[in-house]
Amino acid sequence: MPHRIITLGEIMLRLSTPGYERFINTRSYDVIYGGAEANVAISLANWGESAAHVTVFPTNDIGKAATNTLQFAGVDTSLIQFNEGRMGIYFVENGAMQRSSKIIYDRFDSAFSNLNPDDFNWEKIFEGADWFHWTGITPAVSQSAADLCKAAVNAASRLGVKISADINYRRNLWQYGKGPMDIMPELIKPSHLIIAGLTDFENCMGITDTDYLQACEKAKTMCPSLKYVSTTHRDSISASANDLNGVLWNGETMLESKTYEMTHIVDRIGGGDAYMAGLIYGLLHFDDQNALDFAVAASVLKHSIPGDANFVSVDEVSQLVEGKNVGKLLR
Amino acid sequence: MPHRIITLGEIMLRLSTPGYERFINTRSYDVIYGGAEANVAISLANWGESAAHVTVFPTNDIGKAATNTLQFAGVDTSLIQFNEGRMGIYFVENGAMQRSSKIIYDRFDSAFSNLNPDDFNWEKIFEGADWFHWTGITPAVSQSAADLCKAAVNAASRLGVKISADINYRRNLWQYGKGPMDIMPELIKPSHLIIAGLTDFENCMGITDTDYLQACEKAKTMCPSLKYVSTTHRDSISASANDLNGVLWNGETMLESKTYEMTHIVDRIGGGDAYMAGLIYGLLHFDDQNALDFAVAASVLKHSIPGDANFVSVDEVSQLVEGKNVGKLLR
Amino acid sequence: MPHRIITLGEIMLRLSTPGYERFINTRSYDVIYGGAEANVAISLANWGESAAHVTVFPTNDIGKAATNTLQFAGVDTSLIQFNEGRMGIYFVENGAMQRSSKIIYDRFDSAFSNLNPDDFNWEKIFEGADWFHWTGITPAVSQSAADLCKAAVNAASRLGVKISADINYRRNLWQYGKGPMDIMPELIKPSHLIIAGLTDFENCMGITDTDYLQACEKAKTMCPSLKYVSTTHRDSISASANDLNGVLWNGETMLESKTYEMTHIVDRIGGGDAYMAGLIYGLLHFDDQNALDFAVAASVLKHSIPGDANFVSVDEVSQLVEGKNVGKLLR
Amino acid sequence: MPHRIITLGEIMLRLSTPGYERFINTRSYDVIYGGAEANVAISLANWGESAAHVTVFPTNDIGKAATNTLQFAGVDTSLIQFNEGRMGIYFVENGAMQRSSKIIYDRFDSAFSNLNPDDFNWEKIFEGADWFHWTGITPAVSQSAADLCKAAVNAASRLGVKISADINYRRNLWQYGKGPMDIMPELIKPSHLIIAGLTDFENCMGITDTDYLQACEKAKTMCPSLKYVSTTHRDSISASANDLNGVLWNGETMLESKTYEMTHIVDRIGGGDAYMAGLIYGLLHFDDQNALDFAVAASVLKHSIPGDANFVSVDEVSQLVEGKNVGKLLR
Amino acid sequence: MPHRIITLGEIMLRLSTPGYERFINTRSYDVIYGGAEANVAISLANWGESAAHVTVFPTNDIGKAATNTLQFAGVDTSLIQFNEGRMGIYFVENGAMQRSSKIIYDRFDSAFSNLNPDDFNWEKIFEGADWFHWTGITPAVSQSAADLCKAAVNAASRLGVKISADINYRRNLWQYGKGPMDIMPELIKPSHLIIAGLTDFENCMGITDTDYLQACEKAKTMCPSLKYVSTTHRDSISASANDLNGVLWNGETMLESKTYEMTHIVDRIGGGDAYMAGLIYGLLHFDDQNALDFAVAASVLKHSIPGDANFVSVDEVSQLVEGKNVGKLLR
Amino acid sequence: MPHRIITLGEIMLRLSTPGYERFINTRSYDVIYGGAEANVAISLANWGESAAHVTVFPTNDIGKAATNTLQFAGVDTSLIQFNEGRMGIYFVENGAMQRSSKIIYDRFDSAFSNLNPDDFNWEKIFEGADWFHWTGITPAVSQSAADLCKAAVNAASRLGVKISADINYRRNLWQYGKGPMDIMPELIKPSHLIIAGLTDFENCMGITDTDYLQACEKAKTMCPSLKYVSTTHRDSISASANDLNGVLWNGETMLESKTYEMTHIVDRIGGGDAYMAGLIYGLLHFDDQNALDFAVAASVLKHSIPGDANFVSVDEVSQLVEGKNVGKLLR
C-alpha cells in the first residue's frame, strides 16, 4: 500500500527559452509548472506513493492548467485552494559551457503569497498521512505563508506525521519584514529529516560550524526528533558538466554516496527536489545507505530530463545505483 | 522630413498560445512585446516617421528585450526609463470559429505602474515634437501613471504639440481608487483628435448621447481644440470573420469608410492601434477622407499579421485603399 | 455533488500530421491519446462530474502516457487494467478546402482487444455510479471486448445505472466473425439514451425506416427503458466549413437545435463525442431542449480546438447557446 | 505501362516564411525545391507515369538535396547535369485575407542559367519518350537556356514526341537582351498543347485578340500541329479565397469546367503546374472534357497542400471531379 | 560503374521524441523510416552504388511514404511488394548522460511479417547483382520471413552473388516457435562476410568460444566460403559519450581500427548499419585495413546525424580516416 | 560617454539547418543576418558603445529585415545605403562530434559587391568617430568594395580615427582579378590594431616568418602607427569541443591569455568577431592584459549562444575573466 505524503508550497509558471536561446531575443517560452515541494510530490506520485500537494492557485485558466499538470503526474489536487490573484512566474535561460543558467523571478503578490491560513484544515489534510514535506521557501514568501507553514508543522507534529524540511535559504525572498532566524528555528524543530548545507544552517538555525558533522550534531540538539540530516555537493565545471554526490547523517554515521560525473546536462532545475524525493522514498523503502544512493541517482537522472519534474521510474533509478544499463540503448 | 511623434504608455510581455492551442494545455507561448501606444509608435516608425516611445521598463533582461524589440521597429528608445519592478504580462489565446479569443492580464505592480512622474522632463521630451499620443489605459493603471499622463498632456498643450487620445475605457483597470470621470475629462480636454465609441464617451466624458454625431458635437463643446473624432465599427460574425469600417467626424462632416469583410483572421490584437496609427499618419499626409480610408485599410491588414505590430508598408495600405493587388500573388 | 459516470472503451495513440501536412511527407506527428468514450469522460470531468474510464492499456511507457493524459483531464484512472500488448494507433491527416481529412487505423491486436472480461468486477466498478456510457465501437473490436461490453451493460441494467450508447456503426471493424446484428440488439436493449442515425439503426438494430421519427419509435418498442434518441446532422461544404445541428426525441417530441455554420474548422475529430458528452451533461442538469442546445454548442466549440478532447468550460458552452460573446475578444 | 514524359526547366530553392509570418521578422524559412516544370514532373510521377526531369544543379549539397527531393517524388533524375554555380532561390511570404502573397526572386547567375547546351544529348534523352513539356520561363532565363530549349523542342518535334508548352510570360525575366517575340514563336510552333492566357498570347505570339476563342484559332494557324489550347481563370476574392475554373479548346469546342470556390487556401503556389500536369495526364487517359475536369480538380486540391508539389492521388482527384467525399472525414 | 547490391529486410516507422523528451509527456514524434538492412542500402546508394532494397510495405499512405523516403536516398524501390497489413513501428527515446536510450517495438503482424515468399522471384531480383545483404532480424520475425530469407540466400549462393550477414541476435524476436539455432546456421553457411559478436556466435551458430579469434576460426570451419568476420566494440561511458572501434578478421589476420572517443552523441541508432555499409563499400573499393578503417569512421560519423540514415559522403568518411578536417569549420 | 565606432562590411543572410540537421534533408533554415564587421558592431552596441555600421543592402524586404535586425541590437543604421541587387547568403550546417561544421557561400553579385564608392561621404561618416574597423573580407569581394575600403581607410587615417583591421584572409574570395598582395599592404598600413595569424601575414603582407613575435615586429616596420597585433589559437578536438586562447603583442610584450576548454559548443560562428569586439572594447576601457582577457572570455561565451551575434553583457564577460559564477545557476 502506498504511503500518504503531503507537500506544501507555491507552484509557479516556468517559462524557459528553448534550447540555448537567451532572454534578449527568444521568440517563445516553453511552459511547465514547477515548485520545489510540488516537484517532490510529482516524483513520489510517479513512484507509486499517494502524494497530495497543498497550495493556492489563481481562479483562472493558468491556475487550472497548473492543477491539471499536477494531476497528469498523479498528484492528488483535491486539497488545493483557489484565490483571486496571479500565478507567480519564473523565467529560465538554460546555460551552456561557461555561460551560467539564469532565473528571473516574478513571484511577488501571487495568489499563494496572499493566502488565508484559515482556509486550510490541517486535521483533515493530514488524515491518513505518513509524511509531511515543506521547504524554507514557503515561510520566506509572506507572513501568511509563514503562518500557514507553522500551522501545518504544528499539526503534523501533533498528529505524529513525520516531517521533512528542505531548509533551502533564499536570499532574495524574506522581504516582508521578517528574517529567517525569526521564523525558521521553530518551524524546523519537529523535523524528522532536514536537508541543509552550511549556509542554510547558518542563516536559518544560527549554526555557524564549518564542519558538517558538527553542524548536524548541533542541529540534533536543537531538534529533538531529528533523525536524518543530508545535503548534496555539486561541483560546476561548466553549465554543461557538474559533479554531484550526497551525504546522509543518520545520527550515527555520515554516509556518503559515490560521485557522479554529469556531462551533457539537459536541465539541472529540480535536481535538488529529485534528491529530496529520492531520500523520502528511500527512507520509506530501503536502508539508510541505499536511501542515500537512491536519492543521488534520482537527482543525477533528473539532470537528463527537460523540465522540473523527474519522470524516471524506480527501476531506472535502481539500475543506476547498481551501475546497470547506464547510458545504453535499451530495446 | 519625418514628423516627430511621441507616444506614452505601458508595454507588456505578450505570451500567446501557438495556433489555436488553449491555455489549459499549451506547452509553449509565443513571445512579443506590445502595448496600445507603442503599437502606434511602431506603425509610424515603420512608415518613416520619427517615433519615440516613453515608458518604464524593469532593469532586467526582459526590459532589455522589450527595448530592443522597439528598436527593431525603428522606434526611438532613448526616452525610456528603467526601474526596479516587474514587466506586466498578458496571456493571449487565439479564438477560432464561434470560440472567442481570450486575454488574461497580469499587469499589476509593474515597473510602469510604479513610475515616478518626476523622472520625466516633458520640456525636453517634446523638443521638436509634432504630435503626442496617449490612451485611456495609462491613467487607469495607477495614480502615478495618471499623474505622468497629466504632466505630459499639459506640457504638450503648452508647447503646441498636437494631441491624440484613444479613450479606450477598460473596465478591469481603474483599481487605485479613482474612476475615469475623476481624471479623464481634464486629460481629454486639449485633444486635437480622439478615438471614442459611445461607451467611452459615457464612461470617460459623461456624454450619454446614443447618436454618435451628437456625442461628437458635445465632445467638441467640452474640448475647444478638438478637431477630429473617430471610431470603428466591428461586427464579429465569428472569431475568424469580422466586418470592419470606420467613421471620422471633422467637425463638419461624418465621413465613412467602406466596410471590409475580413475572413480568415490571423490576429486581431492591435487592430485598433493600427487604425489609430493610420489615422495619425493619414491626417499628416492626406485629406480627411483619405486619412480615414488609410486608417481602416491599415487596420484590416493588421488582422492578417501575427503579433501586435502592424508590419505593412505605406504602399500596401494604399493599394488596399485603391483596391489594387488585393489577395494576389505578387512576384 | 458531481454525478458518477463510468465510460468504457478503447483509447488509442493519435498521431496527426502538423498543420495541413500529408502523410506522404510529414516529418513529425502530433501526439494525443483519444477514444470515443474517453473523450466523453474527459468532457464530463472537465465540467465537474466524477468520470471514471474503464479500459486496458499496455504495460509500457505508452500506456503510462495515456493514463497520465486522462488524469490531466481529471478522469479517474483507477479502474484501468494493464496487459501485455500494444496500443492501438490512428494516424490523422487534417483536410482543408475540398480535400478530405483522412484516418488510417492501426488498431488490431491491441492490449484492449485482447482483454480478459474476467479481469473486471462490474459490481465494484458501478459502486455509486449514476450513468454508464458505451459505444458500438467496443463490441466491434473483438469477441472479448464484446463480452466485456455485455457484462457491463448487464450489470448496469441490474444495478439501476442509466445507460447511454452511441451506436456508431463502423464498417471497417467487426472482423472477428460476428456482425453487428448478432450482438448489438441485445446490448442496446436496456439503454436510457442512444445516439443513432439511420445507418446505425439499420445495421445495428435492423430498423430500416427512412423516417427518423418512425425509426425512433420502433427503437423504443425494442428497448423498453429507452427514453431518448438523438443524432446530429452535418453538412460538409468542405473540410474547412460544415453546418451542424442536432435533434433529440424524448418519446414525445422531436426537438431540434439551431444550425451552426462552422467555417475555419480547426479539428473536427471528437465532435460527435463532444455532442454525446453535452447531451449527458445536459440531461443531468437542464430540460430537454436546453440539453440538446448545450450538446450542439459543445460540439461546435470542439471543432475550434486541436485534438480529440473538448477543453471548453460549461460557461463557454452556455454562452454560445445564448449567443453571447460569440467570436469576441474577451479581456 | 506508364507513359514516358520529359520535362525541362530550372528548379529553385524555395524559402517560405512559416504560417503567416512576414519577411521582415521571420526567424526561419521552410525549405522545399520547386520549379514550374519539375512540379509537373512530380505530379505525373506521383500518378504513376515515368517522368524524367532535365535541369542543371550546382555541384554542392544544395544541388544534391534538390536531386534527392525529386527522387522522393519518383522523378527520374538520371538526366540532370551538375555545374559550378549557385542554386536560384525564391522567397515566399504567404498572404492572408486582403494581404497578398509575395515572392522575391533571387535567381540570376544560377547554375541553370549558365548551362552549356552541348552537355545535353536530346536524341538520347528522348529515347522512348511520349511527351515533352517546357514553359516560357526557360527561354526567359538566359541565352543558353533559350538555346537549350530550342534544341529540345527541335529534337522532340523531329522524333515525334508530343510537346506541351506553358507559355507563362514573366515580365521580370527576359533580361539578357532578347524579348519573348524574338524567341517564343519559333519555340511554340511545334506544340501539341499550349497553356496560354490573353497576355501570354500577346507577349509571346503577338496575338492581340481579346476573344479567347479567336486567339486560340489564330494560334492554331501559327502552329500547325497544335491540338489543344487551355487556360484557367482565377478570381481572387482574397489571399484566402479564390474561385477557379478552366477552359480547353480542342480545335472544335471550347470546353469549360465547373467553377470551384476555394476558401481557406493553404498554398496557391504550384496551382498552375498542378493544372498543367492534370491536363497532360487527362489527355493521356481520358476524353477531352474529363481531362479538363481532372486538371481543374487537381489544381484545386493543390491549393490545400503546403509546398509546390501536388501530392494527391489520381483517386482523390477523380473523386473531386465526381463530387464524392468532398471535405469529409475518411476513415 | 557502380556495384549492384541487394538488401532484404523489414522497414519500420520510427517515431522519436524530440530532443530529450521522454515518452511519458512528449507532444510529438519525429518521423523517419528505418530498418537495419535498408539503412545499409541507403548508405551504399548515397555513396554511389546501385542499391535495391527488397521488402514488403502496407498498401497505404504510410507504405507509400516509406517507399518515397528510400527513393529520396537513391535506393531502387522497384522490387518492393505491397500487401494488406500494417507498418511495424518503433518508438525511440533519446538518452542523455547516465539515462539510457529506449526503444519500444510495436512490430508484430506487420505486412512484412505476413509476406508470401512466393511473391519474390529471386532469379530476377539478383540479375546483375554483385552482393546480397541480410541480417538475423529477418528470420527472427516470422516463419514466412525466415522462408523468404532462405530462398534469397539459396538463390544468391547458387548465382554466385556474394553474401554478407549481420547476425544481430535479437532476444525479443524469435516468437513464432523456432529458435535461432533451428534456422540461422544454414542461412549463415554460404556467407562471404559476417558481422558477429560472441553473443551472436553463441546464439546463432552454437559457437561458445570466448576468444574472438577462435570463434572466427570455428565459424570458418562451418561456413566454407566465409572470407571475413567482423565486429565492433562499444564502450558506453554514458548515453552521450561512447568509445568505438572495430576488428576485421580476413582469415589470416585480426585487423584492428583505432578507437574513437565519441562525445556529444546526437543519435546512435543506425551506427551498426553504418559500419556494415562501410565494410561492404570498403571491401569493394579498398584493401582490408582501409575497409575496416572506413567502416569505423562511417559509423562514428553516423552518431553525429539525427535519424537512422548515414548521410555522409565518401569524402567525409575518408577525411576522418586520415584525420583531416576533424571537427573544423569548413568554408 | 560612449565611444563612436564605425564598422564597414557586407552583411549576409545566414540560413542554418536546425539542430544537427544536414543540408541534404533539412526542412527549414533558421534565419539571422550576420557579417564579420557587423558582428563587431553588435557586440560594441550591446556593451553601450555608439556603433554605426556602413554597408549596402538590397532595396527589398530582405534588406529591410537585415536593417531592423541591426537596430534591434542598437546599431546605428543611418549610414546604410540601399541598392538594387541581391543579399548575399551563407548556408550553415552545424557540426557535431568528429563531423565538421560546413558553410556554403552564395554571395557573388550582391548589392554590396556592386556598390558605388562615390555614394559614401567618409568625412561625414567619421564625424565624431573614435575608431574604424574593417576586415580583409571587404577588399576581397570586388574592386568597388576594395575601392570603398581604401577610401575609408584613407579618410580615417587623415582624420585621426584609430583603425583596426581583422586581416582574415579568405582563399575563396579574391575572384575579381586582384590578389591580396595587390591591395592589402596599403590598406593595412595605417592600422592601430590588427588581428592576424601567420597565414594572414603571409598572404596579405608578404611576411613569411614562422615565429609569431618576429612576424609582429616585421608588421610594425611596415605599419608605422601599428600599436597592437593579436591572434587566437584554437585547438579543435571535435566540432563540439575546442580549446581557445589569445595573444596580444603591444609592441613590447607578447601577452597571453589563459586557455579555455570549451566543450558542448553551441555555435562557433562569430567567435572571432566576438574576440575582435572584445579587444576593441578592452583597449578602450582596460589595460592591455585585461583587454586581452576580456576578448578571449567574450569569444568563449559567444560559443554558447546560437547565431553570429554575441548577446552577452560586460558583466558576464568580466565575471568569466575573474572565474566567478562560471556555469552556475544564477537566481
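The chains carry the letters A, B, C, D, E and F, assigned in the order they are written, with residues numbered from 1 in each.
The definition used in the following text is that a residue touches a chain if its C-beta (ideal position, glycine included) is under 8 Å from a C-beta of that chain, and two chains touch if they have at least 3 such contacts.
If you want to know which protein each chain is, UniProt gives these names: A, B, C, D, E, F = 2-dehydro-3-deoxygluconokinase.
All figures in this text were calculated on a predicted structure; none of them were measured in a lab.
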Touching both chain D and chain E: give me those chains, sorted by label.
C, F
Quick one: chain B and chain F, Cα centre-to-centre, how many Å?
41
Whole-Å gap separating chain A and chain E, where each centre is the average of the chain's CA atoms
46
Between chain D and chain A, distance of the C-alpha-averaged centres to the nearest whole Å
62
Multi-chain contact residues (two or more partners), chain F
22, 24-25, 27, 68, 72, 102, 263-264
Quick one: label the inter-chain contact graph as line, ring, star, complete or other.
other
What are the touching chain pairs in this one?
A-B, A-C, A-E, A-F, B-C, B-D, B-F, C-D, C-E, D-E, D-F, E-F
Complex contact set, residues of chain D against chain E
68-69, 71-74
Can you list the residues on chain C that touch chain D in the complex?
19-22, 24-25, 95-103, 105, 170, 172, 236-242, 263-264, 268-269
List the residues on chain D that touch chain F in their complex, please.
15, 18, 22-31, 60-62, 64-65, 68, 86-87, 89, 91, 93, 102, 104, 106, 108-109
Residue ranges of chain D touching chain C (in the complex, touch as defined):
72, 260, 262-266, 300-301, 303-307, 311-312, 316, 320, 325-331
